[in-house]
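Same chain, two partners: chain A is paired with chain B first, then with chain C.
For the complex of A and B:
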């Protein structure tokens, strides 16, 4: 064969051997913690379809780690994050969680965004006796002993939102959601709540995930003329949904629409103009006025740029690192069982105000707020609840 | 014609056997053995693609469908065992009150295994025969299959009460009471999978060396001449396509066992194209190459994404371009050239 000389063969062979030696370096396990460092796993999608919403969580977590390290670390050790990419692919989440727990021996992971990725990680957690802090609002119906859920579960936001809407905006509702577990569960909670406050459900519609054609749903809404639309349309579908609503004359000045899944980060993707005037119910808004939040937002912008916005999941991701640190200090140990035990009734002064881990159910006591989207993509907070007890398994 | 060249293929199979049964289990710990098990599941698919694409010229971008048949069948059986006597959890969340009728038979392992082997044939054979009879081939066949993969993906995601939707089916740990998550059982599973793969490799190699194997190549190179010689080329193509489908399905079922979950992402267009890349990188004319490609890409994905969590896709993309441009016959083709040169 022509192209290859003996010399070239040796070159190729040599580089193959060299290439083999590099990977070997990564094959051996690291140690979870030493006298001066402790590893913390950060597991989110940095690539793939969900990355647009999820990658920012890593930034907030890294900022919390930097702050804690600057203040002396946790139990005298500096936190070293190990970042892994879940790649928006659920089996990859399971693989990376296993890698973090079994090879890096991290005492805890902050991670996941979608419920699917969390569900994929659960068996790994129970097998490797790991600990996951899950920083995203989600549908509830779960209480794994290896997970601390640091955002609001569905009842916390849905019940508060429906009660507020019924009191302030009217009693007829139209429920729209993506065909996914979160919207379906939220509506399962919303319906009995609407009945309880004396309201009426005029329609309930689901669009496939990622759907961009809402004209038939919108014409049903127009025919039903509800006082309020409760929306759990997720992700990129919202761009189409909001635009088409606006085109149909149902913009934020004429129609009340409240979503429990659209935070400032989503509005960044949806487009500020399309979301103006619509409501959202969240635990955290960037516009919360408090010294803690001012400091938090300022630090984040100083670190990542003035144009960055902070949404609820980012704040919960930030809180998660602190909740873990405080639980370790209370337990005086990185041992998972001890940290979980020490987490019970742990309080933290978060940017959103005081939050408290529930005594038994691994979720968080917190306030929720209702905000109305402004033209600049921020929310005017129009309502703030009292502290709401998490109740992942509601009796409906 | 030297000794090395003559026995090159046999040597490749032997080396694979030594690596899979000897070196890998001895050199790696339970974590990596499990990952290799995951990569090997794709090796079954890649062998199927070598047979159908490399030898017979049928480019299918829908192998994920068959991977999904095997994967979901196995997952349904495991999920029913895990949740018995209750309904699987995702059905409860979606307000499904009663086990759907088509789930019932998956309570039996025998039926499940039968489905894994028979359903891909029942789907692939009539479908592809009808298409090949119409003399649809090449790019058009690839388009038909990739559209099917997309459709099946949408269907699975859309009917979440019965299929687990976008989440897929997850959270099961026993097979007939045997814990499949522990390190020991992962090892056993790995050996079962490796032996099965070696058997499939041997059978596939035997197939291409028969008269029928020559016929496959003839169909690939000049289908019209084979047809004029009196052969039913549609039948030949449908047969080899079905073989590839069964291999995909077996791979899928082993994937579910190794990874502990199955998701619709593995059935879609992207996953299906990726499976073809395994074969292209390994060498589409080499059965050993297919296994090598699946192992190499699987490993690169795990390793690069650990080392460069934000940029790993660029490296992987670069690797694909490099292989396609510099090594048109994949790794196996290049190795063959090197060996020939040395000898």
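For the complex of A and C:
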């Protein structure tokens, strides 16, 4: 091997430049909207562990887009979705958000599911002056200029649920969760709330994500004999947790258990028999009786199959598209700052009933409901609150 | 800790032990005896679980009267399907990688990704749920405070049966004799007329079939989704390595030690801390006994 000759240098250098030019041509910025179309970014995990819960959100968003397009689009333009896969991987979320904002120049993104993915996208949003609609219930403690949070935050789930349980079911609590940010933050909020309503925490346990062996935790629950279990166990672990609770004799007829994460979508996987009788606290249930919801559920089943169920995050994802569309129309522009300003106190007649974006804090006024799981995988709504003001930083 | 809880915890330990053993037996044969690092072993378990799911579906629709016994068909079918799949896999894929441990690692890991994505495309990303036969749900109430779940008792019984079966196959049949001979000295076995290729394929298929049984059983206690296999594979490797590669007895003891330690620690501290303690224990033991608890004596 001799050194690099001039000819070889030119050969290699030339091919590198040529190779670089190919993707660069694709990187050339496109324009986010034209006279008759506007792009909208949809950024969710379609693969990886979180896809179980998150992939269905894209279906709901696409349905909203189709409806809006059929009704004439937004500001006279048809919405064209650009779907990107975050792959359950937080750096990928940031990278794809950057691609959507800088290359595709989308005026808004609807996306993310876990808090970790949202936190990864935040710096990209502020750098590129983007706008994100975040359609999942989460633990609160955040209010970003570039994000509209369209689902429940902690006051609208944890606090509402604990207050209801203490009033209706009993004052001693056992807290069980998966070991990551959402359950730990929820329990941090739950504990002072339980103290405030005069209750007592008998135990607090975390299982590693994906854990399937709950026998020891169940032994501890049996020893403590709590009136209520508050569960923030997520994902596949729920299947094991519910099956093992039932096998240990703590099924829904004998033990009060309330979860703020198990919606109709999760029950599908947990198995209807295993979840019967347990409670969930959500903004939306498929069983809500209203003409708007009937239409929504019917349209979704017609589009994606009769056996499909709709859970809270899907409905919030659907609402997000409409909230963005209405804000654009109110602002008469796709400009991010103008759309955010126009979002203040925007009202929408959603499948869950009227919702309203808060005047200043980017979260949503909404009703909170508590449902009890039936044998068919749907929920009987046993409690419905009034409109609750969102407060991402509750005083504890 | 009251008496009731102590008994329940002891039972939980035994139950976890049988579950770990069921997972690790297949791996102990494939990895322990043959030395093939099969990263797709977890996906073979998932294949068994999905076979069980399909069987349950079939019985639900065509023979609802037999729903109470479908599990026996499902377990047999899961074994059959994964056995055949393992056989084909060994003949068409694994055998090209013998004596290349690093390549095997990468190739089977790639295979596991392909299989996961296949499950996702066929069955969807959502978890699927397998109904439990009525005689298996519920618990045996020994006393007021002690309730032993029936499905776990069933798993304990089944594992005993499977373990005994594996022992008999390896120590009392011609195939077992040949498999052990090939494990100990391939060249010599070949020289005395053993068809080592055939033995390899059958041994690998047997290991895969055991993974299928394990997957089928897991549908009774846990979840089934495309990534299910990943949850179990790490634990299985730990059990096999801790017990000593190439020692089935070692696998049994290591499974028992890990299971009892884990349930006890989980009761005394949090789940995550218990896991950390177990891993520390394994690391310390492997530091002093690099070949595991029950390493066979070898002439160096």
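By our rule, the second predicted complex is superposed on the first by the 367 of 396 C-alpha atoms of A that agree within 3 Å, B and C clash if a C-alpha of one lies under 4 Å from a C-alpha of the other, contacts with A are read in each partner's own complex, and residues count from 1 in each chain.
To be clear about the criterion, a residue touches a chain if its C-beta (ideal position, glycine included) is under 8 Å from a C-beta of that chain, and two chains touch if they have at least 3 such contacts.
Small disclaimer: the values here were computed from a predicted structure and weren't measured.
Novice: For A:271, is the partner it touches chain B (first), chain C (second), both, or none of the two (neither)?
Specialist: The second partner, chain C, only.
Novice: When the two structures are overlaid on chain A, which partner does A:236 contact: first (chain B), second (chain C), both, or neither?
Specialist: The second partner, chain C, only.
Novice: Examine A:105 and indicate which partner it touches, taking first as chain B and second as chain C; both and neither are also allowed.
Specialist: Touch status of A:105: no partner.
Novice: Could you say whether A:85 touches chain B, chain C, both of them, or neither, answering first, second, both or neither?
Specialist: first
Novice: Can A:47 be said to touch chain B (first), chain C (second), both, or neither?
Specialist: both
Novice: So, A:249: does it touch chain B (first), chain C (second), both, or neither?
Specialist: Second partner only, chain C.
Novice: In the superposed arrangement, which partner chain does A:356 touch: chain B (first), chain C (second), both, or neither?
Specialist: A:356: touches no partner chain.
Novice: Could you tell me if A:213 is touching chain B, chain C, both of them or neither one (first, second, both, neither)?
Specialist: second
Novice: Once the shared chain is lined up, is A:374 touching chain B (first), chain C (second), both, or neither of them?
Specialist: neither
Novice: What residues on chain A does chain C touch that chain B touches too?
Specialist: The overlap between the chain B and chain C interfaces on chain A comprises residues 47, 179, 208.
Novice: In the complex of these two chains, what residues of chain A are touching chain C?
Specialist: Residues 47, 49, 51-52, 55, 179, 205-208, 210-213, 215-217, 219-220, 222-223, 236-240, 243-244, 246-249, 265, 268-274.
Novice: Please output the residues of chain B touching chain A within their complex, sorted ascending.
Specialist: 28-32, 34-35, 38, 90, 93-95, 154, 157-158, 160, 165-168, 170-173, 181-182, 259-261, 263, 265-266, 299, 302-303, 305-307, 309-310, 312-313, 337-338, 340-342
Novice: So in the complex, the part of chain C that touches chain A is made up of which residues?
Specialist: Answer in residue numbers: 2, 5, 8-9, 12, 15-16, 19, 117, 120, 125-132, 137-139, 141, 145, 147, 149-152, 218, 220-225, 227-228, 231, 262-263, 266-267, 270-272, 274-275.
Novice: Could you list, by residue number, the parts of chain A that touch chain B in their complex?
Specialist: Spelled out, the residues of chain A in touch with chain B are 1, 4, 9, 12, 23, 26-27, 29, 46-47, 83-85, 87, 89-92, 94-96, 98-99, 102-103, 114-116, 119-120, 122-124, 127, 139, 141, 179-181, 184-185, 188, 208-209.
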